[in-house]
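Mind having a look at this structure? Questions to follow.
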Amino acid sequence: MNATSRLLGGAALISLVTTVVLGLGLPPTVEQGQYVKFIAIHPPLAWAAYLSFGVTAVASILYLVPRTRHRRWDHIAGASAEVGVVFTALTLVTGSIWGRPTWGVWWVWDARLTLTALMLFLFLGYLALRRVAGDPDTRARRSAVAAILAVLVVPIDHFAVQWWRTLHQGQSLTMTPQKNLDGNYIAVMLLGFLAMTLVYAWLTLQRYWVEELEDEVGDQGLQNALAERRAEAGAGAGVR
Amino acid sequence: MLRDAALVAGKDLRIEARSRVASNQVAPFAVLVLLLFAFALDPDRGVLARTAPGLFWVAVLFSGLLAVQRSFSLESADNARDGLRLSGLDPAGIFLGKAGAIVVQMLALEVILAGFVTLMYGRHLHGPAILIITCVAATAGMAASGTLYGVLAAGLRVRETLLPLLLLPVVAPVLLAATRASESALDGAGSEAWPWVRLLGVFAVIYVTFGILAFGPLLEEA
Amino acid sequence: MLRDAALVAGKDLRIEARSRVASNQVAPFAVLVLLLFAFALDPDRGVLARTAPGLFWVAVLFSGLLAVQRSFSLESADNARDGLRLSGLDPAGIFLGKAGAIVVQMLALEVILAGFVTLMYGRHLHGPAILIITCVAATAGMAASGTLYGVLAAGLRVRETLLPLLLLPVVAPVLLAATRASESALDGAGSEAWPWVRLLGVFAVIYVTFGILAFGPLLEEA
Amino acid sequence: MNPNSPDAAVHLRAAVALLGRFPALAGVDLDVAPGEIVLLQGANGAGKTSLLRVCAGLLPVTSGEAVVLGHDLRRNRRGLRRRVGLLGHATFLYDDLTVEDSVTFAVRAAGRPVSTVAPALAKLGLDGRLRTVHVGRLSTGQRRRVAVAVVLARQPDLWLLDEPHAGLDANARDLVDDLVREAAGRGAAVLLASHEIERATGLADRILVMAGGQVHAPQPEAREPVSAS
Amino acid sequence: MNPNSPDAAVHLRAAVALLGRFPALAGVDLDVAPGEIVLLQGANGAGKTSLLRVCAGLLPVTSGEAVVLGHDLRRNRRGLRRRVGLLGHATFLYDDLTVEDSVTFAVRAAGRPVSTVAPALAKLGLDGRLRTVHVGRLSTGQRRRVAVAVVLARQPDLWLLDEPHAGLDANARDLVDDLVREAAGRGAAVLLASHEIERATGLADRILVMAGGQVHAPQPEAREPVSAS
């Protein structure tokens, strides 16, 4: 377990560092100037956010299907969503910072931007729902359904650039020959994707293990609780 | 399933017929929201006229929210979930029934609202066909998702505050699509409207099917 | 009276501290409302920037509504009225206490909202002094009227739907005044702002005094 | 009849049920045979309501066996619903429906013939002025009567009664006892939680005492715990 | 002591009270002296709860005299509140407060010293694990116990108990009886509605029977009306 974690963490760190270094090394472009360097970090962040919510949704489905139902899936869904919210927030931040010089504004009501913001709120709501106290199973079902409904925004956000004329960049990873971006940028961006995926995996794993630990503590606690509960019988009886 | 749906819808509508909440409270509220925007935005008619469809849909959205709130507050208060589960009704039936009742009430409401919009913001109605389809599709989508999240939050003491938070982002795309669709329709540009209408249709279908499937697990059957 | 007010406010804030409804649900909701309007109005920035203050206040209004809803939904469900009356608390104290708790929560919320507005609608803040005074006065007014109507609707099964209907028209003027005040302030035209601020002040004073006087009768009126 | 037989109406073994993290049921063994009237006694917080909710399939068991009317609760609970009747602390009624409509709705929901409604209302003295009064306007006891009428009219195979006498007046209580006996006579199983020791004792075939989330054989002093938990 | 004396705790003459259009009280004459324990019996819907709510100043009288603890209810009801304790069908508690906080709040609200809280909790067996549990998580009976603790800790001069035994377990019931006797011993007046005929009869100094919104002298058959209204 720890080995996996250390390995993953190391890989994540290395790839992230190289991405940043290479990213900073990218030559400025005509229309973007230095700011093009964001391409090393911003799209990967967004991708990581998608990934997190995708995982959350899949785990949720697995929980809802009676045959595969297991607390594990609920924990993964929760952990992944928490990480995803962070990535989404970072996407918005980096995006805004990038937007300031390139578009001249921090924010525009462009389909993708808005949908991304919406994505953030959908999963904030999801986390709010998770935080409502109550029987674990009930809570898990509730949040699972909410997650599956919420994840619908991801594909919409992804294809937004095609469906609506947006100020935001279109897909740079299309089969069609690249116009505005040459290979280097794409390459660095792809490396970024790898790095962020590793970072995501590492973070989620940490959160997941915490949950599992809490659960084991919970199981321990359950044993004690059961003992206490049973003891109530004796304690109650006999007095006066 | 459909039998149960009819039973539930009938029950909800009967209760509405007596308590008159939708007609005496939700409908006026919707109109109020419209008025509020007249305050919020400069009463410079240019803006208002241009944004009339958006405002219409925002008003529908908020009053739809109330309709959903009501639909679940009439389920016997704190024990809503237990009550529904004990009833022995087919969950899918409950879902369709409650959603159906909401749709009926909201469509009626939209007619009223539309009247006010044309009046206040001096927008004239073109392309009624598209508009009607838009309304039906959008309403179905809202009602379906609303019912889903409604039962999600049902029985929680924080329902009143949690429901809006959960529901608004989900229906926001509906709001957007409906707005764009009606705008194009009003501008007589039907061709531009259709993609949005189609989107609305997709939403509605997704939410309804999902509701039918998910309602059972939500009520902890299965 | 003040003793009771402190007692009640303390109780409400303690419950909030535990249930975290305001922070986990109402605050995100408020920001959401802002987003929704961005959908509703054309994403043409001219409109948005010009109407930013109005939208800010509409968002405050709706989330304030939720805050009031919550403040009375935590009064033991159906018997809210009886409970409050039996408590033996001075009605004026209850009023001030609940209103106070709401003010605290809403001011915090407005700070957050203001941040978002400046960010999203690219409005920069001028005349902070006036803005702060505006917020305080407007919030006091809303909270006071909200608490008043809250107790009117308390214990009714239709509270969730009735309250918005009752409350919105009353606070609409506050909305208007606050919007104008902040607009002028943002345009750096403080002189134009003051009359509106004064108006808000008057509102607040009226509602608060009226509340202190009327809360008793309202509570008693069986 | 041997309560351990597979056709037992209720069959629990080491059943654990959680409310939040709290084990409301801490390993319950219980068998109720069709036609049997079993009384649950126990201090406040002992777990009676939780046990009844488990049997109604409202509260999931996290470990142990739980079979009710042939349905394994770990797998599917829904099929069960139409065959059990729960009279809980809360009456699951709609304030804005009249007494008659409420019962009719409940019966329809269970897919039963509505012909049972009128007699049930008559039995509980709800056929007079009250038939058309809206449930929200009833007095506590009248409301409880409607809840009883619902269970009666649904004719369940398993009656789960959580303090069925609470709020009822003297002769409504006798009435409930008669109804329970009739139901048992018709072969329905009855699981009943009550603090009305004398009355309930007279009614029951078998008495069990709950304490600390477990079911015990009745011990005299177990009846009188001083603490509320 | 002569119950008609001006210092009677409760003094009603031809009191009429309406719920909506319905005369829940149709002309009630009632006197309760300090230190007296009066039991109200009557069928469901007879008007017991309504009568208690009138005495607590929650339900206005539309005609007739009504003086409670020296306050004329036609004029001001508020002054009364801190001196009466009502244990109703509903417990007026906040689900999100702990047991201890709930009682403390209620006591502070009545302007009483909080020193009475701890003993009250101890008396009702709420001083153990339950002291810090949030009221929303309690079992029905535990919740009722908290409500009793509130009344006890507020030490009212007039105890209005609406089915105080409902939901309580065997020894909590005995406990309540003791508390009532003590209170009466300290000179508090107690007006008590209950369907637990034997138990309540043993407790009361005087028994009244309500029917059709009126108070009668007890007649054997008045105890056993067949209808619920």
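In this document, chain identifiers A, B, C, D and E correspond to the written order of the chains, with residue numbering beginning at 1 in each.
Methods note: a contact is a pair of C-beta atoms (placed from the backbone, for glycine too) under 8 Å apart; a residue touches a chain by one contact, two chains touch by 3 or more.
Computed from a prediction, not measured in an experiment: that's the story for all the values here.
Distance between Cα centroids is largest for the pairing of subunit B with E.
Here A-C and C-E are compared, and the pair linked by more C-beta contacts is C-E. If each chain is reduced to the centroid of its CA atoms, subunit B and subunit C end up 26 Å from each other. Here the CA centre of subunit D is 29 Å from the CA centre of subunit E.
The centroid of the Cα atoms in subunit C and the matching centroid in subunit E are 38 Å apart. Rounded to whole angstrom, the centroid-to-centroid distance between subunit B and subunit E, based on C-alpha atoms, equals 46 Å. Of all residues in subunit B, those that touch two or more other chains are 19, 74, 78, 157-158, 162, 165, 168-169, 172, 220, 222. Within subunit A, residues 66, 118, 121, 125, 128, 134, 137 each touch two or more of the remaining chains. The multi-chain contact residues of subunit E, meaning those touching 2 or more other chains, are 95-96.
Residues of subunit D touching subunit A in their complex: 16, 18-23, 26-27, 43, 45-46, 60, 75, 211-214, 216, 219, 221-222, 224-227, 229.
The residues of subunit D lying in touch with subunit E in their complex are 19-20, 22, 42-46, 49, 89, 124-126, 128-130, 137-142, 144-145, 163, 165-173, 195-197, 223-229. Taken in their complex, subunit E has these residues touching subunit C: 53, 56-60, 77-78, 81-82, 84, 86, 88, 90-97, 101, 105-106, 108-111, 134. Subunit C meets subunit A in the complex at residues 20, 24-25, 28, 31-32, 35, 38-39, 43, 45, 48, 119-122.
Across the complex, subunit C meets subunit B through its residues 19, 21, 25-26, 28-29, 32-33, 35-37, 39-42, 47, 50-51, 54-55, 57-58, 61-62, 66, 69-70, 73-74, 77-78, 157-158, 160-162, 164-165, 168-169, 172, 175-176, 179.
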